[in-house]
Every structure is written in structure tokens, then in C-alpha cells.
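Order as written gives the chain letters A, B, C, D, E and F; numbering starts at 1 within each chain.
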Amino acid sequence: MPNKVQEFNNYRTQMNEKILNDDGNKIIKRIFNLDTNAYMAGALDVKTKELLGLVASAVLRCDDCIAYHLETAHKQGLTKVEVMEALGIATLVGGTIVIPHLRRAYEFWDALEENDQQ
Amino acid sequence: MPNKVQEFNNYRTQMNEKILNDDGNKIIKRIFNLDTNAYMAGALDVKTKELLGLVASAVLRCDDCIAYHLETAHKQGLTKVEVMEALGIATLVGGTIVIPHLRRAYEFWDALEENDQQ
Amino acid sequence: MPNKVQEFNNYRTQMNEKILNDDGNKIIKRIFNLDTNAYMAGALDVKTKELLGLVASAVLRCDDCIAYHLETAHKQGLTKVEVMEALGIATLVGGTIVIPHLRRAYEFWDALEENDQQ
Amino acid sequence: MPNKVQEFNNYRTQMNEKILNDDGNKIIKRIFNLDTNAYMAGALDVKTKELLGLVASAVLRCDDCIAYHLETAHKQGLTKVEVMEALGIATLVGGTIVIPHLRRAYEFWDALEENDQQ
Amino acid sequence: MPNKVQEFNNYRTQMNEKILNDDGNKIIKRIFNLDTNAYMAGALDVKTKELLGLVASAVLRCDDCIAYHLETAHKQGLTKVEVMEALGIATLVGGTIVIPHLRRAYEFWDALEENDQQ
Amino acid sequence: MPNKVQEFNNYRTQMNEKILNDDGNKIIKRIFNLDTNAYMAGALDVKTKELLGLVASAVLRCDDCIAYHLETAHKQGLTKVEVMEALGIATLVGGTIVIPHLRRAYEFWDALEENDQQ
């Protein structure tokens, strides 16, 4: 049975393909392209950039964006305590309305760790 | 089996009835009433107004509002390429946090077209 | 079968425990602690504070936060008409994008009243 | 010399007149009209409604809206401690990004009290 | 004496030059570039796109973005009544917190018309 | 003549003192206290945390919060290129509505560097 991570990735991949195969929308395609470039190593390293993307997603309260950055942060070897410290700052800056997204972030992180053990 | 469009409309209709039959809340009823009037033809035509409502909904990241305006835009004869160009502007102005809503917008638009073919 | 209220409370309790048992995140724990204190009686009474929390949650469009404050408002004896008048102000200040959250608030309130009758 | 309160009221009055004398925009006029009605006594009293408007304005970080509700709250006899307790909830729910608005709210409240003494 | 429009344009031009001459930030430069392309004629005409940009800016409550789109809308020959009808939809969707931005939009539009007469 | 940095710090210090000397508001004082603790070294170092605070402030479009974190980032020895790369991610995630805040961030950073040379 697919867990939260796989469900998320399946839907994301399927819909992104639809969007990128739609010839009509050049602006959206270029934004997707920028999105890939922005998180590559530069003056800041990849781990730091992933945490920046995560915190931006958390304060703007975008569950799918949080899930995406949690997965990339996990792949890059960021630890749970580092990720949760970043989300602590997000909750302070963004307020208690971030808490429901924090619950779902914990659930998603658990699913990421569960997948490691398989 | 009801598709995304029918599910959305059923829930929306059922709950709007509850809200409008609740005698207590005059302010909410008047906002509902304004909402109907605001999208009628005036200095701007209905198609333009639907696109304005769609882009406002997209940058404010309200999936149900996006779905509602997609359905009306579709009924008014706006094409997929027009709608997606409007959503491209929304994604640029509102940032990559709009992308998850864009995925769901593509899915909903497909359900609208699927219904046409039945 | 658990209704909306019980589902919400079960998930909320389970995930809050995970968060509070995670030794790493002192900032988040202290925010949770503040959240409990902020709604206690002070210069303003508990009912007024619950309505303030509800309206803040509604204009920021946080369904889980709305559900939480609806439940507490209901426990504190606030009536449906008082709660809906507060949500009317939220819809006016926050705009029609609040309406989908209003639908879910009505549904949740009905589930709260349904639980009373059991 | 006009203080903060008078400057704010002068600009607000002057521009509202322009907006209300502009025959073109019926929707905006009706929203202004609703705005007057929403804060009148109903199931909730005027003081509570002003605090709801204040907290909604604070979490949405609208300085002019905060100033308007501070002035009305002050006229209605709400005390500084009541108003600041409401803004405390707003800062908790909306996060530390509310703090700069809190500074300006304190400054505006002082200007309101200063006017009392003249 | 420079009016609101000239002040806005001077600051905007000066700072954009600084940003675009800063070699370090490729992502920001590419976003600026996208921003130019997104409002060019495509499936939708330039006037419609300017209104979409204006409404997106208004509901997200960005005064400088509103000013920019008002100026471009004015150059494209959109009339005051068309622009204000679009802002009416923005105020309905985004709520009464949009009203202070509406006041400043009226003021900026007057400055645009004043410049025409010189 | 005080520059932007000094003006900002003077107002900020003066109003924070008023807020912290106001005995009535325990919640606000505790949030201020949390705000100091959250950016101290932990699993993440101080520089990373400042960048997280900066990006959170930028996507939530809080000029005073951006200024505060720019000043602290500058004190911690973060370079302009690191800071602007972080703001590039913020502009991508938060959209073109972040650009006016980016202009003011560049202006504030220049004032910080100008102060160094005195």
C-alpha cells in the first residue's frame, strides 16, 4: 500500500507532466525551470537552501510545498532535529496558524523515515 | 460515479443552502448577494470578470474559489489556453506556492472537459 | 462511526503528543504553552477570547484552527448565532475567499451539535 | 499641528468621499455600506465586535484597519489593557510578523489618549 | 515638484538598476525578465492581462504593484471605470482590508490623470 | 543626519520599550522573549537561522522584519551575495509581489554598508 510520501509523489509527478506537456503556457514552464535552478548550490549550499525553501513554504502554509522540501531535505541528509528547529522558527514568525501544518509535517517526516527502513 | 466537479457542486450547494437558510446572519447573506452581482457584465464583460475572480482566487490560494471560477469560465466559453495564461500570471505574481493549486486546477479543468463528453 | 469532531480531535491529539514528546524542539513547545495561556480569562473573558481566536483563524483561513475554536466556543456556551455573527465579520474583513471555510465551519458546528444529542 | 490620529482621519475621510462620489463603482459602495452595518450591536455587543475587527485587522497586518478599530474601540470605552490583550492573541495567532504593527498600534493608541487630554 | 507617479517611478527605476546590475543574483534577474514577458499579448490581450496583474496585486495588498499596474493600465487606455470595476472585484474577494489600498489607488490614479493634463 | 538604519533602530527601540514596560500584556512579552531565544545557536548555527528569519520575513512581506534580519545577518558576517541568494529564493517562492520589498532590502543593505565606512 502506498504511504503518504508515495501518494504525494505520484500525484505530483502525474500533474506536473500534464502541466509541462501543455504547450500553451510558457510562463508556467519557465517558473518550473527557475524552481529547479534556485535550489542548486551557489553562495549558499544545498542544505541551507532546502531549509530556506522549507521555512518559506511553512510560513506561507503550503502543505505540498512543505512535503516537497521535507523530502529533499531528508535526501540531502538533514536530520530531524535540524528540520524541526527550522520549523520552530517558521512557527514563531508565522504564528500558531502554522501548527496544523507542523502536525502534517511530522506525519510526513515519519513516512519518509518509514520508507528508509523498507 | 460523481466526478470532482459534481462532488464539489453537491457539497457547495448543500452548505450554501444551510448558510442562506440560517436567519441569524444577515451580513453573510448580503456578501453572498454581492458576490452574484459583482461578476455580472458592466464596464468589463463577464469573461474578463471571471478571469479576474480566478486570478484573485489563485493568488490567495483558495482551491474551492478556483474550482468555482474554472467552472464558470468554462461555461462562459473561455478556452483552456486563456484560462491557463491567466493562471500563469497568478503563479508569477503569487509565487511557486501557487503551483500545488495549479495542479489541482488542471485536474478540475480535465473533469470539466470530461463532463462535456458525456 | 467517528464524526468530523472525533476524527479531528483524534488526529490532533495524536500528532500534538508526537510534537510535545520530541525533545529537540523547545521553541515549538513554548509556543504550545503560550497558546494555552493566551485564552485564559484576563482583562477579557474566556468567551470573548475564543471569538477573537475564531475570527483570527477564519481570516487567516486555517480550517483546523477554526474547528478548534468552534469546539471550545461551543463548550464555553457560546450560541450558534453569536459564533456566526463573529464569522460574518471575518467574511467581511477577509473577503469571499473566507466562504469555503465558512461552509466547513457550518458543517463542523452541526457535528458538534449532533454530538450533544447522543 | 495635527497628530497621527488627525492625519489618518483627514486622509481617510477625503479619499472615502472620492470613492463614494464615484458613480461607477456600485460593488465598492455596497461593501462600504456593509462595513458600517457589520459592527452594529446584534447577538454580540459593539465592544466585542470592535475587538473582533481589531484582531482580524492585526493578523492580516493592515495598519490603517488597525488604526480605525483602535479609534472606535477607544470611543466605545474599551481600556488599553483590554485592547492590548486582544492584540496579544493576534500576535500569537499571526506570529512575530505582527510585532511591527503592534509598535504602530501602541503609537496610535498614545496619540488617541493624547487627544483626550486636550 | 514631482508628484506621486514621478516619485514612485524614480525610486523604482533607481533600485531596479541596482538589483539588475548586481551580478550575484541570477534568479532575481530571471524573475524580472519573466515579469516583462508575462504581460505581453498572447491568448489574452494586454489590457486583460494588466487588469489581471492589478487584481492580483490588490488582493495581495501590494501598493507598489498596484501603482505599477495602474500606470500601465492607464497607458494602455483602460478607463477609470474599467479599472475601478476590477478593483471592486478585488475588494469583494480580498475583503475590507483591501480598502486602504483602494484609497491609495484612487489617489495614484488622480496623479496619473493630473500628469496627462500637463 | 540619521540614515535608514538608525531611524529604524531608534523607532524600534523606543516602541519596544513601551511595549515591554506595559505590565498588562504578558503574552506579548513572552513572545518577545521567545523571539530572542529562537535565533540562538542550536542544531542550526546562527547564520543559517538569520537567513531563515530573513526569508520568512520576506515571503510574508514584512519590511521591518526584513530590516531587522538584514542588520543581524550583516553583524554575523553574512555577505551580500549570500543574503541576496536567500532573497532570490524568497522572491521565487513568494512571487513578484516580493519585489518592492526587495528594492527596500537593497536600499537598507546599502545603508548598513555605508555605516561600516564611517
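Keep in mind that, in the parts below, a contact is a pair of C-beta atoms (placed from the backbone, for glycine too) under 8 Å apart; a residue touches a chain by one contact, two chains touch by 3 or more.
In this text the structure is predicted, and so the values were computed from the model without any measurement.
S.K.: What chains touch subunit A and also subunit E?
M.R.: B, C, D, F
S.K.: Measuring centre to centre, with centres taken as mean CA positions, what chain is farthest from subunit D?
M.R.: Ranked by distance of C-alpha centres from subunit D, the top chain is A.
S.K.: Pick same or different for copies subunit E and subunit F, depending on whether their interface residues overlap by over half.
M.R.: Mostly different residues: under half of the interface numbers shared.
S.K.: With chain centres set to the mean of the C-alpha atoms, which chain is at the far end from subunit F?
M.R.: B
S.K.: Return the chain pair with more inter-chain C-beta contacts, choosing between A-C and B-E.
M.R.: Between the chain pairs A-C and B-E, B-E carries more contacts.
S.K.: Taking the mean of the C-alpha atoms as each chain's centre, how many Å separate subunit A from subunit D?
M.R.: The mean C-alpha positions of subunit A and subunit D differ by 37 Å.
S.K.: Calculate how many whole Å lie between the centre of subunit A and the centre of subunit B, each centre taken as the average of the chain's C-alpha atoms.
M.R.: Computed value for the inter-centroid distance: 27 Å.
S.K.: When you check subunit F against every other chain, which residues touch at least two of them?
M.R.: 24, 26-27, 31, 34-35, 38, 43, 56-57, 59-60, 65, 81, 85, 88-89, 91-97
S.K.: Which label fits the chain touch graph of this model best, line, ring, star, complete or other?
M.R.: complete
S.K.: Flag every residue of subunit B that touches subunit A in the complex, lowest number first.
M.R.: That would be residues 61, 80-81, 84-85, 87-89, 91-92, 95-97, 99-100, 102-104, 106-107, 110 of subunit B.
S.K.: Per the contact definition, I'd like the list of subunit C residues that touch subunit A in the complex.
M.R.: Per the touch definition, subunit C meets subunit A at residues 11-12, 15-16, 18-19, 22, 24-28, 31-32, 35, 56-57, 60, 62-65.
S.K.: List the residues on subunit E that touch subunit C in their complex, please.
M.R.: Residue list for subunit E touching subunit C: 59, 91-98.
S.K.: Residues of subunit E touching subunit B in their complex?
M.R.: Going through subunit E, the ones touching subunit B are 31, 34-35, 38-39, 42-44, 48-49, 51-53, 55-57, 59-60, 65, 79, 81-82, 85-86, 88-90, 92-94.
S.K.: Under the stated contact criterion, what part of subunit B meets subunit D in this complex?
M.R.: Result: residues 24, 26-27, 30-31, 34, 37-38, 43 of subunit B touch subunit D.
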